[in-house]
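Here it is, the structure in full.
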Amino acid sequence: MVLAKVVGTVVSSHKSEKIEGIKFLLLEKIDPITMKGKNDFVVSMDSVGAGPDEIVFYVSGSSARFTNVTEGKPTDSAVIAIVDFIEKDGSYTYKKD
Amino acid sequence: MVLAKVVGTVVSSHKSEKIEGIKFLLLEKIDPITMKGKNDFVVSMDSVGAGPDEIVFYVSGSSARFTNVTEGKPTDSAVIAIVDFIEKDGSYTYKKD
Amino acid sequence: MVLAKVVGTVVSSHKSEKIEGIKFLLLEKIDPITMKGKNDFVVSMDSVGAGPDEIVFYVSGSSARFTNVTEGKPTDSAVIAIVDFIEKDGSYTYKKD
Amino acid sequence: MVLAKVVGTVVSSHKSEKIEGIKFLLLEKIDPITMKGKNDFVVSMDSVGAGPDEIVFYVSGSSARFTNVTEGKPTDSAVIAIVDFIEKDGSYTYKKD
Amino acid sequence: MVLAKVVGTVVSSHKSEKIEGIKFLLLEKIDPITMKGKNDFVVSMDSVGAGPDEIVFYVSGSSARFTNVTEGKPTDSAVIAIVDFIEKDGSYTYKKD
């Protein structure tokens, strides 16, 4: 899984019928040490109700179809967790307010 | 999923019989903030009737076989949505005319 | 799918029994605008009878097992089409002789 | 599979219900010759009880669902082995204490 | 598939029970034209008895589970062929002794 920040949304009215009603988040991958954005973006299906500026991790590939929200859908990316904290070598690099 | 622009088509008369009758779009990946092309291209099966210059997102890998058009076909990329707008940090980086 | 040129072959007499009798092509990925090689190579199973110097596109990952030739085989890459032409923004970047 | 070092953990209280109770490790990919970190990180499900500073290798993609711990779960990365030693050209580049 | 050279082995006594008894090779990806190593490494399950310094190609992703040795196992990489020769534009870039 890869750590990222929710930075926006992508909206489409004309899409595959199988993905009607799903929210598409624009994620920016982050460096989990500096917590800076990497200017590398992915469109991901939300399975946990993540909101703007939250740090999340998402799953890629076929496993993105293994959440309750995304089962059987044409998706290669799903947000599966909102991060509370990241610990590295005994200290926090990130802690949710 | 990854954001891209439809920049052309790829035509083949000699191909796997399973992909007869499918349209192959040439997509250029874009930076969703500046909306500039990244000079990085992919050939994708169209599942939504996307046309030239439209901003779309496509799904990669096994999930590309999960649209009504691409089921059971040897494809690793399918366009699944034509984008209306991209919102980042409260403003639009892109809005379809 | 990714555009590439057939630049050679890879031959092995000692291999997984499931891939006996299959032709392995050496592909060089190309830039579909300039048509130049990218010095990036992949070994791909041929499912369409592609020959030297032909422009093709290949499918990667699990979908490489979805051609008639490659079904059930341990492959992550299969050539599925010989390209007739590539059209970008209304002009040809490539046209087969 | 890819060699990495366990450098931390990622904790989430709000996540897909299918991944409750699983430990998420923060891994840093390493160069297996110099054993230096590559400043490239991945969040991986632990299937072997790996701890801080251990050298491991992890499996990516759909195969990450093929351990006893991760079966049926939305994961694209699982630690499947703690490394005892890495041998290259007849000498050890790494040997566990 | 990707061309690589067998440069070593990775040994683990503490691993997922499903991968007991399998040999893990350390592979270095090569440029198939110059045959030089790319300093890019992967840990791969051996399905063909490849030995030190041999040129092989390996399959990645779910298809790595489609050899007789790796079926049902948590692997994303399997060596499926020892290369006899690589031919490019009519000449050999590599020929096994």
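For clarity, chains are labelled A, B, C, D and E in written order, and residue numbers in each chain start from 1.
As a convention for this text, contacts are C-beta pairs under 8 Å (C-beta built on N, C-alpha and C of every residue); 3 or more make two chains touch, one makes a residue touch a chain.
Because the structure is a prediction, the values reported are computed rather than measured.
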Shortest contact path, chain B to chain D, counted in steps: 2
Rigid-body rotation angle, chain D and chain A, from Cα fit (steps of 5°): 70
Shared interface numbering between chain C and chain B [over half = same, under half = different]: different
Whole-Å gap separating chain A and chain C, where each centre is the average of the chain's CA atoms: 33
For chain A paired with chain B, centre-to-centre distance based on mean C-alpha positions, whole Å: 20
Where chain B touches two or more other chains at once, by residue number: 61-62, 64-65
Ring path (origin chain A; first step to chain D): A, D, E, C, B
Residue numbers on chain B that touch chain C, as the complex places them: 7-19, 24, 26, 39, 41-44, 52, 61-62, 64-65, 72-77
Touch list for chain B against partner chain A, complex: 1-3, 31-33, 47-49, 57, 59-68, 70, 78, 80-89, 93
